[in-house]
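Lettered A, B, C, D, E and F in written order, each chain numbered from 1.
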Amino acid sequence: MEWATSTTVRATIVQASTVLFDTPATLDKAERLLAEAAGNGSQLVVFPEAFVGGYLRGSTCGTAIAYQAPKGREEFRKYHASAISVPGPEVDRLAGMAGKYKVHLVMGAIEKDGYTLYCTVLFFDPEGRYMGKHRKLMPTSAERIVWGFGDGSTLPVFDTPIGKLGAVICWENKMPLLRTAMYAKGIEIYCAPTSDDLDSCPSNMVHIATEGGCFVLAAVQFLKRKDYPPPPEYVFANEQDLTPDSVVQRGGSIIVSPSGAVLAGPNYEGEALISADLDLKEIPRAKLGFDVVGHYSRPDIFSLTVRDQPASIVAFTSSAPAAVITDGTKTGSSQKY
Amino acid sequence: MEWATSTTVRATIVQASTVLFDTPATLDKAERLLAEAAGNGSQLVVFPEAFVGGYLRGSTCGTAIAYQAPKGREEFRKYHASAISVPGPEVDRLAGMAGKYKVHLVMGAIEKDGYTLYCTVLFFDPEGRYMGKHRKLMPTSAERIVWGFGDGSTLPVFDTPIGKLGAVICWENKMPLLRTAMYAKGIEIYCAPTSDDLDSCPSNMVHIATEGGCFVLAAVQFLKRKDYPPPPEYVFANEQDLTPDSVVQRGGSIIVSPSGAVLAGPNYEGEALISADLDLKEIPRAKLGFDVVGHYSRPDIFSLTVRDQPASIVAFTSSAPAAVITDGTKTGSSQKY
Amino acid sequence: MEWATSTTVRATIVQASTVLFDTPATLDKAERLLAEAAGNGSQLVVFPEAFVGGYLRGSTCGTAIAYQAPKGREEFRKYHASAISVPGPEVDRLAGMAGKYKVHLVMGAIEKDGYTLYCTVLFFDPEGRYMGKHRKLMPTSAERIVWGFGDGSTLPVFDTPIGKLGAVICWENKMPLLRTAMYAKGIEIYCAPTSDDLDSCPSNMVHIATEGGCFVLAAVQFLKRKDYPPPPEYVFANEQDLTPDSVVQRGGSIIVSPSGAVLAGPNYEGEALISADLDLKEIPRAKLGFDVVGHYSRPDIFSLTVRDQPASIVAFTSSAPAAVITDGTKTGSSQKY
Amino acid sequence: MEWATSTTVRATIVQASTVLFDTPATLDKAERLLAEAAGNGSQLVVFPEAFVGGYLRGSTCGTAIAYQAPKGREEFRKYHASAISVPGPEVDRLAGMAGKYKVHLVMGAIEKDGYTLYCTVLFFDPEGRYMGKHRKLMPTSAERIVWGFGDGSTLPVFDTPIGKLGAVICWENKMPLLRTAMYAKGIEIYCAPTSDDLDSCPSNMVHIATEGGCFVLAAVQFLKRKDYPPPPEYVFANEQDLTPDSVVQRGGSIIVSPSGAVLAGPNYEGEALISADLDLKEIPRAKLGFDVVGHYSRPDIFSLTVRDQPASIVAFTSSAPAAVITDGTKTGSSQKY
Amino acid sequence: MEWATSTTVRATIVQASTVLFDTPATLDKAERLLAEAAGNGSQLVVFPEAFVGGYLRGSTCGTAIAYQAPKGREEFRKYHASAISVPGPEVDRLAGMAGKYKVHLVMGAIEKDGYTLYCTVLFFDPEGRYMGKHRKLMPTSAERIVWGFGDGSTLPVFDTPIGKLGAVICWENKMPLLRTAMYAKGIEIYCAPTSDDLDSCPSNMVHIATEGGCFVLAAVQFLKRKDYPPPPEYVFANEQDLTPDSVVQRGGSIIVSPSGAVLAGPNYEGEALISADLDLKEIPRAKLGFDVVGHYSRPDIFSLTVRDQPASIVAFTSSAPAAVITDGTKTGSSQKY
Amino acid sequence: MEWATSTTVRATIVQASTVLFDTPATLDKAERLLAEAAGNGSQLVVFPEAFVGGYLRGSTCGTAIAYQAPKGREEFRKYHASAISVPGPEVDRLAGMAGKYKVHLVMGAIEKDGYTLYCTVLFFDPEGRYMGKHRKLMPTSAERIVWGFGDGSTLPVFDTPIGKLGAVICWENKMPLLRTAMYAKGIEIYCAPTSDDLDSCPSNMVHIATEGGCFVLAAVQFLKRKDYPPPPEYVFANEQDLTPDSVVQRGGSIIVSPSGAVLAGPNYEGEALISADLDLKEIPRAKLGFDVVGHYSRPDIFSLTVRDQPASIVAFTSSAPAAVITDGTKTGSSQKY
């Protein structure tokens, strides 16, 4: 295990909105915000869940139990068209941005694999390389209408010069066994791209920081009604009460230290860059009292098994292991733990 | 599995201090407070960690690395003398109190087994019966000087008329695998007797409530300098700055609902009874969105093994299994999950 | 588990010699010494290994590998005649002595069961009752010529008003698993009747005290050449160099506290009563740092099984379990652990 | 089982102090002392507990029960920074030293695994190879604040040309079941790196030698006040009474033969090389009378189970068993017994 | 267990023949020989197998496989008529003889129980009391035509003033588990009424003496052709070669000491009283080297279960246990072992 | 069960002496005698107890009760050095001999396991394979000073083309329960390597043959004073009466048939090859009258339990069952009974 060579890392959360159904414009916006963060000296930039491809807040894609409206089917077709392939040209463009601005980039994106969509987080390094991805394991409630379920093979933690870096998406953060897997891989900078703007979200993040002994960066989109198409194309549940400037997702991005101290946020004001300097020495200081997979664990009583092989519905025997390797997940992760 | 027959449960946390090194007086105080809570209609009364036997806050029992002061050895002897055997006369007295005042009683106590002490929580029912116990698995930092380590055999969740009841002590609450075991047993009223009065403690409790979809009751002692013997018998780290009325543990007891709403507390004012009415219907309401061991789990990826047999350093073949059965832990727990 | 009700116990080791091949005279001598110890206020009197029946130091009963001299067979016959049955009249007499002088009595004796002899320790209480016995499990070297091998059914620890009392004989004290069984039964006053007068013996006893966190009382006979029959009936290995007053076993009885402090002895001077006041509060004080079967054990890694049922070469189905029960071993022991 | 091919082994204990918080300087000092020992013909060199990384004698890392001073957290961070990864560059350097000076090297070190520290002993052979390690199973008292708990997978005994070699650390030496595991693996040269300088320590070592029928080498650091940072950075319990030359750990390194004879030490004078020639023929000579896991054992009554698999809090199914094998523990140990 | 109070016992074997089919005459002959033995000072007199009732040597009672001659049925009727009931008048007469001549009497007899015959040995004491009996467990070859099979309830060993006394009949003596049962009861004077006059019989008896560490007394009838009815009533297999004085069973009675020394016999000369003085001190002398159920047993490996309850084909529930008690077997046996 | 394919087996006992403390020379001598026996057509060659490693007749290794002379410890060390490991190079050499001369070889040897010695018999087949071993269960008298105690796991009976083959050592032959275990495994050729040259030994062997219905081959060393080192290194009990040619163990090897007929020996003359042709048809002929575990047993009354699992004082869970399987004992034995 290598130890982080920097002792302080400047990190920035981008609290902003997707340009919905316009992925090139979304990438332009991403680059603009990334440039600004890099100009402020940031070494790590974290975007919210589904920033590329967008988050269909308030929608059910025309679907109720045992009912699918044709309009909803068309909405899904557009959503699929806005999603990106991994690898693919949008991934290349994002890698290029990271290299140009010399930052570690953590980007929420909607990934398409055939015709199933995944809520994915992509990782890039300052040399402009795509490092790997995490696919959300468990969509929440109505998300299950539009997104598939990730498997155990994309739980990377990358051993980088700014510390061990990984991401867990939205309410996955409430899954104690998933978090434990991340802790076991030694995560130090725990990114939480999310769409949760509830009052309890900051408490969840403070808890994770003190449980995992890591920095936590929760990145949330700030969304107004006008960020979505107007009715009748897109109708919110309480559409009649909304103006174009009504806030439909209030942000709440936050940065927490391993001791549970809030370093920045929660910001409920608007689109913003939310930054903090992360003193990595705080990590061992916090571990003196509590080390969740180390001295404070009880492996004699509890042991967690993580099946992290790809789960494939069809395996062609002539080409078994290739996909994993090209993904880079294995080589880049901290799986020595 | 039985479903709770009440829909609302009045619960009270006793935020108060031990009469240190005087166990009979502590039990008298417990009874007085219990009577008061019962008088207010409380059906469940939860006392803090180590209420019987006491919590040696600020002490190290004269111990530093490779050093044990004779004074500390004597302090430990007194602490051992104040601890209780389970079963034993103090347990009988507590059972009698629960029966007299017709409450479910959850009581933190220091248990002695030979000459090793355990930080234990005891459970009693309104019929005046001792139901079982939970021994703290992992003492924190300097607590490891004075307390032993529980095993996996005392993780009960009791299926009672007021809901499924269990307890996790102090920083055990930061152990995700232990919590997952409690969730898997179906815990609905999650008691957290603790000595943690840090700013992050309420966040931990809110997180657990939303993660577990359960009510959380964190019970903390409120302690002043005068609750401990005066120097030189007992010396706090910053002794010179303290008056008899200096607060050395500020309480912070709190009750949280499954949705993460704070129903009572945190109370940092003084000794108090902190009560709330728990609407058990909140539990299924919360589970729609997130059920940590149900629809939101991924058993294809994560599986947790809990070794909950007693761990015995010596087994005599002529008398092997008796102790476990008499403890009642097995019969009272919700181990159908 | 009951806790000792006395806090200080006066204990005496009798360092004296058997009247060899004259058991009535040996019992007379035992009573004389017991009376003296009781007169000094002693509550516990411990005699050496094989005090009743004698220890054939320096003998091989005429035996070498594949050789048995007739003289040796006759020596064994006399030794058998000097040995006692348990129960039996000599046991009754010893019980009477303990009752008359109101002491706990721990007596080394040669027990006969059929024609096999066992090196046994007998326990008596101040009410004049025989409590039970321990048979030496493993005789040492040439002792294996004259003594049989005890089984796991006589490893009692008695829960008495002066503390938990047991005995381990001679080099059994070097058997770590046997000692661990005694520790698991909660032994507090660890008697070690022995014939080991080597330089290393006091170190063994200090070690056991600090390992077990108990008081250790090693009782050794003090023996001169004249305590054995003169040649040619009895010939020592170096007979020619000996005078009647030559010391052939130099004693070395010692009393050690749980902290490893030597409270009395080692005495190499002659026959003597060796006494100390045992402050039972020293036990919890010592356990703070080390509790061999408690907080300092690792039952997740190490577990010891003790087969403590009687091992019987032939069982008659019409009368199976009686012998064990009447021995008192089971009822008197501390087997709640 | 191979038998040792040498009949006499020259062994040296290095009784010296760490250069605290300066691991490169500590390694320089180790090499200097190793060269000196090798120059004297030593084939085996044993360093004390925690020589690399240091032993925080008298400290509690600012920790009392329920209290952690920020200063203590920073002390822990520095301690973590001084600790070494296994494998890692410091291990490579130590292996190189052993090869250069053609000795078997047994080195106490603080190992970091993630952010938990372990008190570890490392083994190297004269060909310059790292052989494996033992992690201390149970830290003592306040050590539990700074060190984690080893599992059963690192109990190696190495079958080397100079005899079967293993190590047990500090008060682990008082754990009878752990020692029995080592005896069962056939240990002949039993190294005891320790920080115990109590009067009882030599007795413990003599006992182990006679119990195990092995050579015992207890290596203790000799430490003065000036070996630690001056106040206020580092404050001893009795700081005000100390001068820079005050001895705070008096050494006491000792070498004992299987018969219990003390071959060298205990040395309480100062830093020193303590050497003895170990005549391996003493081992069978001692076993005639007592063989703890052989003719003097009672497997029909006592049997010890040792769970020696790695205890892992999280197992990733894609990469399960690799770590153990590369450690060398399994291949190098004497587990044929 | 009581120990024999005599040290030397004069014992006599009666080597003589039954008066076939004339039980009163047989009893007269028995008394005559008993008187003679007593006159010689004998304290113990042992008669051969089937002395009362007779041994149908050379007969098959007219039976071959699947064939029974009427003559044989009549022979069996006469044999049944000569047999005795136990208790009964013949038993009373034998008890009277033992009392009159003040000897322990061991008598072989054919016992009838209904219409099944048993080969039985009866025991009487010098006070003229019937003590109990042993029924042969397993008849040999053609004996199975005329005798039934005993059960496990008549294996007595009587604790008498002349030592522990029992009997095993003929080739039962080759049953190692039966012998072991007798050894476990502490047998010291092992009577072997037998009809075996083979060359190997003395070896069997020497073996038993050294195996059991007991005195062995093998009593054999001396039989000529004329002791049986003349042809055609009784026809020997080789009838044509026989004269009335032809020896058809040559005796061979023998007395062996515990060391294997032959004290008297084997006598192949004729009817005779064969006597020896048994020095009971030889028993402990022999046990020094070998004690078959004591120090030389391995109860951890071998354990023998003896079902010694009566085996009854029909049990009437109103009167279960009476028969056993009135037999005296239980009260007189040495079942303390 | 396979039936022996030969009907007559030529068997040879080697009555000869060890070259004491010179194992290579002993093996040379073994090969010379084996070649000679094979040259005579022998198919089975049986060597005495302890032929490889030697039998320390008349010695006590300097040991009396509570006394061990240094000279004796050194004698034990030399004895340990002369003993062999199983498996090991000497076992390989013996296997090679059996293969070269195409015989079944039964060889007495001193086996070392750690530092405990066992009196063992090794079995080899004509294909040059090591088949398994039997360790003596119970050493006799002073042998207990130098040898350990075998467990129930090495009681093999091998089903070979020359019949079912097993071995019982010296006074084990007087253990009725051990013999019964061998009978139950169907032993046909019962080898008895022994050091018993008493007058009673041939009787013991005749008894076993008639009891077990098997051929018995008792192999005894013939030893003169000069086969041992001269005084003062080695001193017999009656040293002063001996010349170098004094016979100190007179042999007495003997071969007995199932009917009890002596086929060869006892030979008390000197070193010799003692041979007989074993007609395997004698076995069923003898079983007509007596079959000890067949028609002549009483399983309704007597049942023997044999605990034949390995008895291990320490079990490491990572490597439990390997040793037993590789020993070959299980696969080669006749455990179908």
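Going forward, a contact is a pair of C-beta atoms (placed from the backbone, for glycine too) under 8 Å apart; a residue touches a chain by one contact, two chains touch by 3 or more.
On a predicted model such as this, the values are computed, not experimentally measured, just so you know.
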Each chain counted as touching chain D and chain E at once: C, F
Most remote chain, CA-based centroid, reference being chain D: E
Centroid spacing, where centroids are CA-atom means, of chain A and chain E in whole angstrom: 95
Distance from chain F to chain C - Cα centre to Cα centre, in angstrom: 38
Chain centre separation (chain A, chain B; CA means) in Å: 36
Where chain A and chain F are represented by their mean Cα positions, the distance between them in whole Å: 75
Touching two or more other chains - residue numbers and ranges from chain D: 63, 68, 140-141, 145-146, 149, 151, 177, 180-181, 183, 288-289, 297-298, 300-308, 311, 313
Contacting residues of chain B [partner chain D, same complex]: 55-60, 63-69, 140-146, 177, 195-196, 236-237, 249, 313
Contact set on chain F toward chain D in their complex: 61, 63, 68, 70, 72-74, 76-77, 80-81, 85, 113-117, 145-149, 151, 311-319, 323
Sites on chain D touched by chain F in the complex: 1, 153, 180-181, 183-184, 186, 213, 281, 283-289, 291, 293-295, 297-300, 302-309, 330, 335-337
Touch list for chain E against partner chain F, complex: 137-138, 140-141, 149, 151-152, 171, 174-181, 183, 198-200, 202-204, 206-208, 210-211, 259-260, 288-290, 292, 296-298, 300-308, 311
